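Pasting in a structure now, in structure tokens, and then I'll have a few things to ask.
When the chains are written out, they are named A, B and C in that same order, and each has its own residue count from 1.
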Amino acid sequence: MSKTVELAEKLSKLDYSHMYNSDFYWTWDKTDDELASVFAVADALRDLRERNKSTKIFDSGLGISIFRDNSTRTRFSFASACNLLGLEVQDLDEKKSQIAHGETVRETANMVSFMADVIGIRDDMFIGEGHKYQKTFMDAVTKGHNDGILEQKPTLVNLQCDVDHPTQCMADMASIIHYFGGVENLRGKKVAMTWAYSPSYGKPLSVPQGVIGLFTRFGMDVVLAHPEGYDVMSDVEDIAGKNAAASGGSFAKVNSMEEAFENADIVYPKSWAPFAAMEKRTRLYQAGDKDGIDALEKELLANNAKYKNWSCTEEMMARTRGGKALYMHCLPADITGLSCREGEVDNSVFDRYIDPLYKEASFKPYIIAAMIFLAKVKDPAAALRTLDASAGPRIAF
Amino acid sequence: MSKTVELAEKLSKLDYSHMYNSDFYWTWDKTDDELASVFAVADALRDLRERNKSTKIFDSGLGISIFRDNSTRTRFSFASACNLLGLEVQDLDEKKSQIAHGETVRETANMVSFMADVIGIRDDMFIGEGHKYQKTFMDAVTKGHNDGILEQKPTLVNLQCDVDHPTQCMADMASIIHYFGGVENLRGKKVAMTWAYSPSYGKPLSVPQGVIGLFTRFGMDVVLAHPEGYDVMSDVEDIAGKNAAASGGSFAKVNSMEEAFENADIVYPKSWAPFAAMEKRTRLYQAGDKDGIDALEKELLANNAKYKNWSCTEEMMARTRGGKALYMHCLPADITGLSCREGEVDNSVFDRYIDPLYKEASFKPYIIAAMIFLAKVKDPAAALRTLDASAGPRIAF
Amino acid sequence: MSKTVELAEKLSKLDYSHMYNSDFYWTWDKTDDELASVFAVADALRDLRERNKSTKIFDSGLGISIFRDNSTRTRFSFASACNLLGLEVQDLDEKKSQIAHGETVRETANMVSFMADVIGIRDDMFIGEGHKYQKTFMDAVTKGHNDGILEQKPTLVNLQCDVDHPTQCMADMASIIHYFGGVENLRGKKVAMTWAYSPSYGKPLSVPQGVIGLFTRFGMDVVLAHPEGYDVMSDVEDIAGKNAAASGGSFAKVNSMEEAFENADIVYPKSWAPFAAMEKRTRLYQAGDKDGIDALEKELLANNAKYKNWSCTEEMMARTRGGKALYMHCLPADITGLSCREGEVDNSVFDRYIDPLYKEASFKPYIIAAMIFLAKVKDPAAALRTLDASAGPRIAF
């Protein structure tokens, strides 16, 4: 029995019925079964590709990408996922379009979606705005579909908003599951999601929020560590707490990187901006207050500089379980002595983990493809079995 | 009998023989049968897609898009049409290319067309130049094909020039035909194609010209209304007059929006620039006269401001037949109180017509696909029957 | 027997075994058999397309393009080649990506390549850097594949580096072979690869270098001519000398355009920058010395202006064999009286050779496709026979 057929067996025991035609905003909208379904389909699609079996379930159709912030990794992951399933990517580049000329989101959403099966949106820059934009967009196309304007309802893949970064965190989790040899081995593992110093300013909060919102569901002991003032959204902290209680793990907050790293099995040191400061920045941008933005940036950089000792050094790594915690990062990292003078991680640490880091990233295209697959295929378990049995080759000769 | 087979029947009674390998510049180049063929194929392609049947007639091949002006709707419509038929879009972005370095159009046209089945060009900014560019481009690739340089002659889809906007106006007409329940119901309907105030300057004339050039062919009473001085090309007015005479309808010009709206069944209020001013602007650009351009812009904006009462208000709509004329627009509209302080249309009017407006736009991808289909498929009626009988699914599971 | 089957026969007698999974940096890395294989496969793919046979050997997969310099021709040739084989192009636009934010090439290379079958890179601006970038990129993905991060090793197609421009020069050679009716007819032909005046500055050296490195392998008498100081890389001159000796041709350098053109069968007059000056420019850019760069540019333009008589005029062409040498250019050319006041070639000469020039360019998509085909297909001769016998149509109806 092939791995894909095994995974189809596993899948058929899960309840994924509500994923059909649904959107993927946040992992905490989804049930445990639904997340397990995404992992199973992702692994199956990878297995099929490794055995040179085509997984093009679409003969035509578009995947629309909207990047309201720069991206290399996620852009190529989305393009890879769409291509793997047979969709062609069309990027809605707001500079090329007429959006700046006063178009409403509702109108644009419908105008670009006549043949769109998938919408991938990154909008992570402004607290309180990213999720709202995605929701407005998807409400518009759902209404458009219900009113007979769009022949199909495209499905949303949240490619990062101000609240969650589900394709990243699900790829992170897929990579941990494989690293530790199965989801059953995660129970009791200690995870340190910690802030780290970076010479840049205003990095999104969606990764730390996504990690605590997701990792707490697997019976692990998740510690969130940051200097005072660098809080993330309290709503997500509440979710993390509830998840931990339900899964038999724990969620704790500390103000010391050392404490978080102590005996950790997994460390995820990464810079982010304080939630309150990001809220303030959004208001300044809305008011067009350039001087205020500049002043805020200076203030934040000065504040960051107080915490240069929050860095994933060799000494810090030595505190982890056997000195061998799995080092994780969503990339790109600010690497001390390589990409900057003082940053999130020592080059020697980063370099030792290149392989697991790149493998971590390699799950993202499959996670995205699995999200699309589950939203578009009515009986995904049967579809995987059919692909396993009779799909043509990806490369013909 | 499926709708597609019915449409294939209808199609086989029309003479579309000259469309094979031809280009689509202006609707008035085409016979009534040819336009009817486009509508029939568009409807059939839509029916096939709605029934999840693949219409990929190309296994490989490129659709080249050239946008010499901004575009969202037409860009995505072209991409959707190409994808529906199996072509991959490649955008010739003049900023990324070496065109600025003194390349001639003839050379570029051949260099990008080695594997191009379709060329879509928007060039609407400069009166006297847009059509010329398209013609020069297509003459070059036709010669290239005849000389054995290009293995296929790509077909042109005019995505808007200075004279006509055929994919827009054909989509508008397809939407009217469906709205009124058949082309036979259009006879005697009154259409008001009217100028409307906008705070912006220099909008293309191709939509009003395209509308009067096309709508006069269906036995309707078409009224063109604009303030004094906002004339469109007189050549197109002559065509509209001849079309009206031949179709048993009428074509009239008035200088009052109220008069045009009186008992109208369809209203299309939209801003455009005066033809004579656009001719002048083209000459100023050619001469590189920046001061002249700025002066002209100021003059035109001041002149526009005299006609703020040319707006599609509720009061204006009340004058139409039963107060219920179909409101049309190519989008995006300048909406009073939404996208600008004073514009082409009241928000309450616009909002009431959102559904028909979006449906109007939804025909464009199919109209473009139909134009390509008829230029590339020798026996389109037979091809539609074959697709209906034996096409694979668009989504596999 | 079809042309494709004939070419498959020919191919099966050549040793192309080392091309499987290999990269294409420079023509002089490849054996004569390997180059002959590229020409054979290119001709076969063209024959198949002309007979409407699909050559999509990939059902999904990406071709990544990286253009670190402007490009129209090569961009569309690469896109056409990928499309012909079934790959979707994704452009890594460094302005859209986070590369500027300190990412290392190693990381980016892996992050964009999870589903990449082909990498096409143009990096020709800086002497000593272009090839290095390509090598670093490919070393990274090769390691990534060996370490289990990438499921496939993508293959490199060098779309122009600082040393060679193999897709251009192989297309040039394919065109010569067809023009003279077979590779066996090239022996003893005289080729003049000469510098020519252009009003612009700093054109890459990769074309003259690529031409002398490749054309010397066919028993031809290759003459490189340029004004004093406009030397190309001496390493490549050495290669040209060795190639000529091995093939029974000759390689000579002269400082007179007239002498080079004397009785030439083929002339390739083209501007380039002096190697030593380009080395200096690279160092100035690395040091961020803007004033130095400006001064160098002025100096080079002034120096160029001394050699305005190095131009492919009618008088110069009259010196060639029977006045009828084949005029070649990689395009776009600086054409006297058309694209500039004084340039590389007279308009009357250029215009007379439009057909062979465009045909020359038309080989590039097929050359690129053949390079990919030979790197990705284990038994290309068998694959061509199968395609000839049973490939579906490219256009269905």
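The rule we apply is simple: a residue touches a chain if its C-beta (ideal position, glycine included) is under 8 Å from a C-beta of that chain, and two chains touch if they have at least 3 such contacts.
On a predicted model such as this, the values are computed, not experimentally measured, just so you know.
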Work through the pairs of chains, note which ones touch, and then classify the graph as line, ring, star, complete or other.
-> complete
Copies subunit A, subunit B: same or different interface, half of numbers shared as the threshold?
-> different
For the Cα fit of subunit A against subunit C, please give the angle of the superposing rotation, nearest 5 degrees.
-> 120
Hey, how far is the Cα centre of subunit A from the one of subunit B, in Å?
-> 41
In subunit C, residues with contacts to at least two other chains | 56, 88
What does subunit B use to touch subunit A in their complex?
-> 46, 49-50, 54-56, 67, 70-73, 75-77, 79-80, 83-84, 86, 88-89, 200, 331-332, 334, 338-340, 355, 358-359, 361-362, 364-365, 392-397
Seen from subunit B, its contact residues with subunit C in the complex are 56-62, 88, 90, 92, 96-99, 101-104, 107-108, 110-112, 114-115, 117, 144, 147-151, 376-380, 382-383, 386
